[in-house]
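Okay, got some structures for you below.
Shared chain: subunit A. Partners: subunit B in the first complex, subunit C in the second.
So, the complex of A and B:
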């Protein structure tokens, strides 16, 4: 079944982004815009930082615009106040990450000029960037997306999102499958997955929320997580990673996209998001919250598991 | 005076992460009251349950613990006002994660034991020890720690090609 997905709005979105980028750069509203530009491989895109109104025409948006550009704000956030406002092209999932970072006081809304993109979905990391977007080639995260239209942006192109075919949520299906297994079967599954890890830390480098200057997993006095790519250290790393992102992860699935060994990393994040929704009714969204579910508490939290 | 000492085939190692203000004092009370409890438990004292990082539990399992106990002040009694409330949420989430990864949650016990509850400490430790003893040694994490090198399966065409070119 390869049901095509309508991405005809992306040409209008591209034109609108270019016009808006040119306007705000020329007017001096922003000093730079982080967006997507065509890359060398046919159909692919890469992140670009545009600082000149004349170069605004390089900005595009296609089904291959997979990156979460919020990453470039966290790594460069110390420079922002000096240089002035920064414009950024965001999909709904990327905006959730920016909102999460604002909640954690890593970014200020006033430093940003958000160009929201009405998004019909992007391609999975496993297909060539020139592939047409269908129900089979769409990224897993897009099958359960509830944020196609970003809200509270400074500018959103005025296009009508086409109606989407109903897609089966790939993560929900996989989580349900794993939950139905016995603990020993789940352990065997994850043991095989974690054994693949080569500790390249691409998942950490690409995550907008992994902004600690020194990661717990890099410390060696005391060494909490073995740094070599051996099974013990791999398992500990992935558990710690999932735990540190619990209640913070915006679900952009960049970790899974960049993983060279195809470990289903976002599955752990989605599982934690699901549990936190059940336990504390918390979900990553477009509303800035100062406190996440694990940094706050109530007197009446469930403690049925505590003796 | 002392009950007859039983011998077992398997003596589990239990690591107890306890808060200094309540459970440690509770365990101390059990000791000064001459209450008997299994010597399988190794107590590690922390300022507060809020200081107990989930990674400590992982480390304990990797280093050979068969069971882990995390214990602190009852809700509302925290010396630091809210440390145990935060810990409660964190461990609720951590349990779900471990469960999803495939760890048997019967090996991981949480409890509130106040400084006056020497008897409860004895009960919690005895119950966990007996439960873990019945389950046998925790092998999953230890097996991982024994593996000395990268052990991923070379089972995709790309990996096979790369491997054959070495």
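So, the complex of A and C:
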């Protein structure tokens, strides 16, 4: 039996976002607000950039508000004018990415007006956007969420988060399964997954932390990674990405959500996060750190790899 | 020619073809994802879901070698790929939106340059279309002038019947040849009722009107409005049955390697990045505009066809929910 998840607060959250958005736009506190709006398909949403108080009524929050909108704040999105203060609707997982970007000196807290969403969870990418949220249809990342209520925001709708059913952590289960395999079996698993990659780079393009002006994989002098969607280049690409995100990834799982070939990319990031926790007691959170676990050295660092 | 083929006989037909050495490509589950891929047995065919990528890859693979080189001392040898070695193929279980895109692609691959990789595979492939009985709300074939029983592009077209068999009609010599070569498996048409076709919930869009608006609005605030959210990945183009841009790169070492052709997408910033460093499509709205222009204007200007069959794949995969059907509909109302 599929256990339903109570998302009844989302209508109050929507109303509160609209009122606040209208207020801060009308008062000139922000120049634009990045949020979610309804789109054509039943139940679906899409990112929207609202600059006019009259259009604030377009903003909504539903179980289909899946995107991490932090993406639109980075220098990777040159199309969004970064003039003045920008408002943004954030779930806890999205806020962790913003915090990470502040730590990397990509964003300044004072340039942002954070509208935090008390979040009961969003839908998995594998279901239609009109599907009701249940223990089966919820996004994997939400089964392991420790950030339903974002902290230190400029505004958070005053609603009571409903009690959540106990959900089995989907990544923890899958990582345990993979860790129990032999290296050869694990390699076979990832070979099969990476073989599906078509190099559309959706994973990179939605990642808030992939803000490099020019990705290593787009350079051809020298060509570090083969560009064609073949085993060598695909494997190199996904490993390069996992390593580059280690100690940075905030766990929004956007890479996995958008992969048109259903490659479980966030498993790589969760595995790295697990290692970071074990080795450096580091995990992505709501506190801005300008020194990441892999950009600092202390004599307490694990040195067991030196043999 | 109208015929009937039972489910059992369709299985026999495909298994016989496979045994005879014909490559049979069909919707098939690969690591949880439905794709058009060569199958080893008719039992591997899985027509329940729309394949994640279109059928174009039967002619225009995600990546293929087009040449190889070897260097020994001062001697360099180049080796062509011989398209004559491409196998005879039957592409079966093709959705109407996918089959209809193939004749559209014929135009560009046989235009000023004859792409022998595409054309040779095309020549050797018989396409068996399958009427569509399940649409979701991303589907919009009816908006671009097609429908779930569309036979364009199919050599043979199957319509599922209530008894599990299919009404079968041929639309080309290739289709007739396939029937005539396997006469014992086909029966005369029956009176059994056909399953009801899918009903995409979209109204027909006046594509002429769309084109005439596009003719005049290369510069328009619409582009900034709809396309600032585009993140610049290639997902839409790669799952599209009609997008056909490709890149060519050499991969290998100094001693030996391959020249390869692989899918490319106009959404990538690098797509129009010149060697000089200049990029005429420097921002995402200009790239997204090209996507719409190419599909609904340029291709029509050049070949008199629309480069979209309404399969809805781009709508489903877009990371930021960009919906080409609603954009084209909005343009048609301007």
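Going forward, the second predicted complex is superposed on the first by the 299 of 307 C-alpha atoms of A that agree within 3 Å, B and C clash if a C-alpha of one lies under 4 Å from a C-alpha of the other, contacts with A are read in each partner's own complex, and residues count from 1 in each chain.
Heads up, the rule we're going with is that contacts are C-beta pairs under 8 Å (C-beta built on N, C-alpha and C of every residue); 3 or more make two chains touch, one makes a residue touch a chain.
Keep in mind that this is a model prediction, so the values were computed, not measured.
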Subunit B versus subunit C on the shared subunit A, clash or fit?
clash
Return first, second, both or neither, reflecting whether A:12 touches subunit B, subunit C, both chains, or no partner chain.
neither
First (subunit B), second (subunit C), both or neither touched by A:45
second
Regarding the shared-chain residue A:205, is it in contact with subunit B (first), subunit C (second), both, or neither?
second
Thinking of the overlay built on chain A, is A:127 touched by subunit B (first), by subunit C (second), by both, or by neither?
neither
Would you check which partner chain A:167 touches, where first means subunit B only, second means subunit C only, and both and neither mean what they say?
neither
Does the superposition put A:227 against subunit B (first), subunit C (second), both, or neither?
second
Go through the superposed model and pick first if A:196 touches only subunit B, second if only subunit C, both, or neither.
both
For A:261, using the defined touch cut-off, is the partner it touches subunit B, subunit C, both, or neither? Pick first, second, both or neither.
both
Given the touch rule stated above, what does A:271 touch, subunit B (first), subunit C (second), both, or neither?
first
Doubly contacted subunit A residues - partners subunit C and subunit B:
192, 195-196, 198, 229-230, 261-262
Complex contact set, residues of subunit A against subunit C:
39-42, 44-49, 67, 71-72, 77-80, 128, 130, 192-193, 195-196, 198-202, 204-206, 218, 226-230, 233, 254, 257-258, 260-262
Subunit A contacts subunit B in the complex at 178-179, 183-192, 195-198, 216, 224-225, 229-232, 235-236, 239-240, 242-243, 246-247, 261-262, 268, 271-272, 275-276, 279-280, 293-299, 301-303, 305-307
Per the touch rule above, subunit C residues touching subunit A in the complex are 30-33, 52-53, 62-63, 136-138, 224, 227-229, 231-235, 237-239, 247, 249, 251, 260, 262-263, 265, 268, 270, 283-285, 315, 317, 319-323, 325-326
Spell out the residues on subunit B that touch subunit A in their complex, using ranges where they run on.
53-56, 58-59, 62, 75-76, 82, 85-86, 88-104, 109-112, 124, 140-141, 144-145, 147-153, 156
